[in-house]
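Below are two complexes that have chain A in common, paired first with chain B and then with chain C.
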Partner chain A sequence: MKLQKNNLLSMQIKLSPEDFEPATKQEQEDLNKLTANTSYWKDAWRRLKQNKIAMISLVVIILFIIFAFVGPSLSPYTYDQQVRGDENMAPNLKHLFGTDQLGRDLLTRVMVGSRISIIIGVGSALIVLIIGSLYGSIAGLLGGVTDNIMMRIVEIIYSVPDILIIILLQIVIKEPLQKAFDSGSALGWLQKLGPGIVAIFIVYGLLYWVGMARIVRGQVLQLKQMEYINAASALGANNKRLILKHLLPNCIGTLIITTMLQIPSAIFTESFLSFLGLGVSVPMASLGSLASEALNGVQSYPYRLLFPAIAISIIILAFNLFGDGLRDALDPKMKK
Partner chain B sequence: MKKSVTRKSLVMLLALTMLVTTALTGCGKKATNNTGNQTGNDTADGLVIDVSVGPEPETIDPTINTTVDGAAYINHAFEGLMKLDPEGNIVEGTAESYEVSEDGLVYTFKIRDNAKWSDGTPFTADAFVYAWQRLVDPATASQYNYIIDMVKNANEIMAGEMDKSELGIKALDEKTVEVTLAVATPYFLEICAFPATFPLREDIVSANPDTWIQDASTYIGNGPYILDTWDHQSMIVMKKNPNYYGVEKVGPDTINFHLMEDKNTILASFENGEILFGDDLPSEEIERMTDKGLYIQGQLGTYFLCLNVENEALKDANVRKALTLAIDRNYIVNSVTKGGQQPADTFVPTGLSDVETTTEFHEVSNKWYSVDPADYEANVKEAKKLLADAGYADGKGFPTVELMINPGHESIAEAVIYMWQQELGINATISSQDWAVFSDTRSSGDYQIARHGWLADYNDPISFLDMWVTGGGNNDAKYSNTEYDKLIKQVKASSDRKERIDLMHQAEDVLAKDMPIIPLYFYTDLYLKSDKLEGFYTSPLGFKFFSNVSVAE
Partner chain C sequence: MGSQNNENLIEIKNLKKYFPIKSGFKTSNVKAVDDVSLFIKKGETLGLVGESGCGKTTLGRTILRLHEPSGGQILYNGTDITKANMHPLRRKMQIIFQDPYASLDPRMTVGDIVGEPLDIHKMFQNKKDRQEKIYSLLETVGLNREHANRFPHEFSGGQRQRIGIARALAVEPEFIVCDEPVSALDVSIQAQIVNMLEDLQAEKGFTYLFIAHDLSIVKHISNRIGVMYLGHLVELTESKELYRNPLHPYTQTLLSAIPIADPKTSRSKNRIVLEGDIPSPLNPPSGCPFRTRCPHATERCAQERPELKEYGSGHFAACHNIKQ
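Take a look at the complex of A and B:
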């Protein structure tokens, strides 16, 4: 049988028998390499690794967490231990950061203070994450009147002056909280932190989630137009399933970035309030209260202010830079 | 008098912000908001001095004021029948002379002929009658009404049983005041120099009982100075009163009282030369400021902890004694307060006189415990034993107690609870409340242990001891002992000096036995004064006088 003469416009491909031989090992490997399955996370990690500043910040954060959580148990002193005869020491080998007027080791106090700051930062950020993301996604998904009402509520809360509320709330909850402590309930462990810190948590739960709610709502409004959401609803998924299985997992990048940037802001708020004398109860220390105490002798003992101030700066800077890096990595579209 | 307190919170932030702003603006203009004259300089307006005796006062109404700094403004704008001279003697003030009856019950004061109000109207004796009646009038609700409780019918009026017009004070004529006492009182002339007894203009005060102090045009006094302006939260300016009888001897023409609350701000302003006098400084800077303008003076006052004896755990006197003995007072005065304070071993402080004015009441009194550093260990041992007797051996089973303070007292509280924890195994927490809330909580008895401080109102131990009578207005410990009440009543009814002092010693011994309070130290008055400022003096009660000062170049 003779093959038909090739027409120039024909779609026919000239095939030779070699074309039907199995691919070699090399060819197989090349192909796999070209279309390697990179997940969202791997991709983000790759981008993050390229960002030197973010990586340095991450290392600093990890070191700081070790400093704050492991450090106190390595120290020969406790945060409230008053070493008689060691009062008002300048930094030396026995007390690396010096001591305060009661002979308490400043290094240990800075470590414990950092721990409080980190707990507050992370704790508040989690509260904000949970409340804000649920509220925002419900508003965004339901839309219409519900969305309208929910977002007006958010706007009202947005306009409330936060510091004022913290101060007022502390005064109000102090007494009932103290009673709860005295009755020896499960809240006992919070007692060392004092009502001030509990008030901060409550205020974060009451006020600070609104920013998160707005961001998540915006994302959800965008996502709910997607075909896979239509498909899921068509298959009979209820709203709870839509939010938890489809919408929130798809805004994970935004959620992580916003949470990450919330941490330094919460740490700063706590330091600021403790500085004003509204945060932790003495003798517990936080970075803000240490700075505040130090201010009383700042001319005679400047180092007492120096160390907590440096710690606050480092921790806030590191979290902020890392958050920025994370944003670039997780959500390249947001990159300026 | 209550010790004015530092509410460091917002002020501290402000101070820091100011510090930063100043640093950023790069030593631009000096932050003096006075008339532009440098302090202590002779200018066209005469001598202007800048000082600070305290924060924004709650009131400068002589009848209502309870603070030492408020008294400083009142002492410049008003003058009582008697006054304190630079040597510390009680001398004639608005009164030119006085006579005392044989039995010591009737005092007749002759008012100076040339006494005038600061607006030029003549001064008449009924100003005292009005002021004293206002003081005891239950409607005024003055916390210092008891200061003249020796005056005839004063107690009955305060109790609402009699009309204020029946008070034992009358104006015999325009220039004569006669005071009748219920009990002869040895320190009565001192009372006549106390701010609460200063004369008031009836026409002005009765017209605006609450607002007359707010306006320079209605704040009319008879003292060496007149209120010129009161810039709230910033400055009170006083000018020389041309109508004052002794105006030619009055010092500076203008006194700018800067209203400063934060100790760091006071210190910084003093070091910058913005003020020549500051009433307080951070205890951490005491060492540095020694010989650089820091003055430490004895003060008739005691810093103590008040125990709520109605509290279940603190009901037992053994517990209270154990808490007392476990405290190392020498450590507190040497390491925490550092202002030359004396460890307290009784409630009545040093500086008050005994039967003989050459000996001190404190020297004679039986000490509650030893404050010798060498005896501390023995004290602790005793404390442990007492606590075990009360059923809490090594602090086991003892509930966590709360020590309540107001901001500024953290270090002392921390030192104290650490000693209790270390020596007795008693856990305590510290809670801090703002001054206004704190004093309210404390007087309503809604606390377990609270800090307290008391300064004498006159040189007599009764100023301290009558605090603890059952149901007394200042009895924050809710202490009650009939024997004690009886002794105090006897003291108040007696006019024999020896008998009174003896009874007061007995009363203090009763207090020592029950120990509703834990004395920590006797106050000292710390202030910063420039070497340039001459002629300044202060009373043992802590009042500051600038009316005689001059500034050396």
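Take a look at the complex of A and C:
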């Protein structure tokens, strides 16, 4: 269609009502698709789905969680059941991963051990998340002298040797904890884990939140310059509201990523401590303690070390890769 | 200056806001607002103009105590609020921000943004009433109730500014600081927003402090206009009087810079061009802040700071060289 001009030099085009026609169904739909609201989470999920490694890790994590939490109830054995006559068996159809010197099914023990490891990983990460994000955001928001003092405390804690504290703490809390277990029944499941694991939780609560606190403080220092924080204080919002409603929701990406990457590091610390004999108490199993027990007969029964070691590696690798993928998905600026 | 009567909603006396700058062991001050006194009558619009960095925004925010004043007094309805607990006063004094993209929390729905002041001041116990209030606020500023469930990034600049205005209106304030509310918007939208602010004022009797650097908009909306230069108020008068008879040399320069949409008059117009740049507020000139660029500066200007004096009824200016 050739467009007629009003006059030769003008830029105006002569239009009549016939030049317009209603948009077709297809065109309307296309327009809707173009303007469809892409929220932050949808966008992040779309980017995450494109990342194959992250998606594979996610599937591995989910399978592992099923393995660890549903698995033990499907197994014909319990983790502390000693099957007479089945001692020191190599992997076979009756015991897929073999048995140890007391005749306990290794598959069940690896499943239960993985469960402990995941509980510790997620639990410690949550402790770190709560303490770290609150501490960091308070320091960042208040600023000035308060911030200075709070961050010096963080630096002091940073320099404390954590393994030493765990060992000392375990010795100190062992007795009072045992008394508490004997008197009260509410702590029943903690009792099963033993004072070693409780000490690990406490140490995470005492020492490991500092990294999170630093990251959150940095974010808050940046976010509190934003105009909407000014707007909220002009409306009369107090600091609690600023932190919980505005600052923390706006660093949710960082919080999720840091927490996700905290999980494998906590699992590793637990395995390491259990390997040294500082973790769960017998007969409870964790991946680290299984590896440690296996070390005695590693020459004759290498598979006993192999299975828990593979489990540790898979969990840590999957959580790390998934955390990395999540970082790319939640923070589009990080992507190349 | 200023008559102490009940008509003044806001009165500020010798207000100062200094920002300390630390360099090594030395601490120096940026004098963003220095010794400003003015009053705002109930129901009027006071325009505040001046070039970038002259302290307009800082003045507006200091009045709301978003910055703590370094000196001077702020009176609201005759009571000193310089040290008062601001929480109850936040319902009386509100602010509309310059940048509609930065002033709305990206993680909150529009309904929650507009409803936040209602929650902070616990204005509604009932969820349904609160929701109705949010809808009515959105409708007041020309948005739909369906918009309440959306997020700020789904809106255009003009719509976002309307959301910001709805949020400020939620507490039913008396006094609103409009901190360059239209300078981030394009011209056709500017007119819509300015007209809406005027309609709201006619309907609800708001008092505005309207900060802007666009002189034509300020002229359109203001009853009186204050001119700021380097943290000081240099002239304050009725808006017509300012355009007809600017007394301060800086105001004269500012007015001569307004572009005229007619080439013929524009060419014949005598434009005053200033020499040099604005001096640094870290190290302001002695005496009159404008003397370094003033075509009429004398010895006296370097030694004495001119006080804001009244020339004719309600026309204040701070200059030594006004003959009247």
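What we mean here is this: the second predicted complex is superposed on the first by the 306 of 336 C-alpha atoms of A that agree within 3 Å, B and C clash if a C-alpha of one lies under 4 Å from a C-alpha of the other, contacts with A are read in each partner's own complex, and residues count from 1 in each chain.
As a working rule, contacts are C-beta pairs under 8 Å (C-beta built on N, C-alpha and C of every residue); 3 or more make two chains touch, one makes a residue touch a chain.
These figures come from a predicted structure and were not determined experimentally.
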item	value
Fit or clash - chain C, chain B, common chain A	fit
Partner chain(s) touched by A:Y228 [first = chain B, second = chain C, both, neither]	second
Which of chain B and chain C A:E293 touches, first, second, both or neither	first
Contacts of A:T78 with chain B and chain C, given as first, second, both or neither	neither
Chain B versus chain C as contact partner of A:N320, first or second or both or neither	neither
First (chain B), second (chain C), both or neither touched by A:G277	first
Apex chain A: angle to the C-alpha centres of chain B and chain C, given in degrees as a multiple of 10	140
Superposed model, chain A: greater residue contact from chain B or chain C	B
First, second, both or neither for A:A237, with chain B first and chain C second	second
Distance of closest approach, chain C and chain B, by C-alpha atoms in Å	48
Set intersection of chain A contacts, chain C complex versus chain B complex	none
Touch list for chain A against partner chain C, complex	37, 39-40, 226-228, 230-237, 241, 245-246, 249-250, 252
Of all residues in chain B, those that touch chain A in their complex	8-10, 12-13, 16, 263-264, 267, 282-285, 287-288, 331, 335-336, 400, 402, 407, 410-411, 413-415, 417-418, 429-433, 437
Residues on chain A engaged by chain B in the complex (per definition of touch)	80, 82, 84, 87, 101-103, 171, 174, 178, 182, 191, 194-195, 275-278, 281-283, 292-293, 295-301
Interfacial residue positions of chain C with respect to chain A in the complex	61, 64, 66, 86-87, 90-91, 94-95, 97-99, 102-108, 116-117, 120-121, 150-151, 154, 164, 167, 171
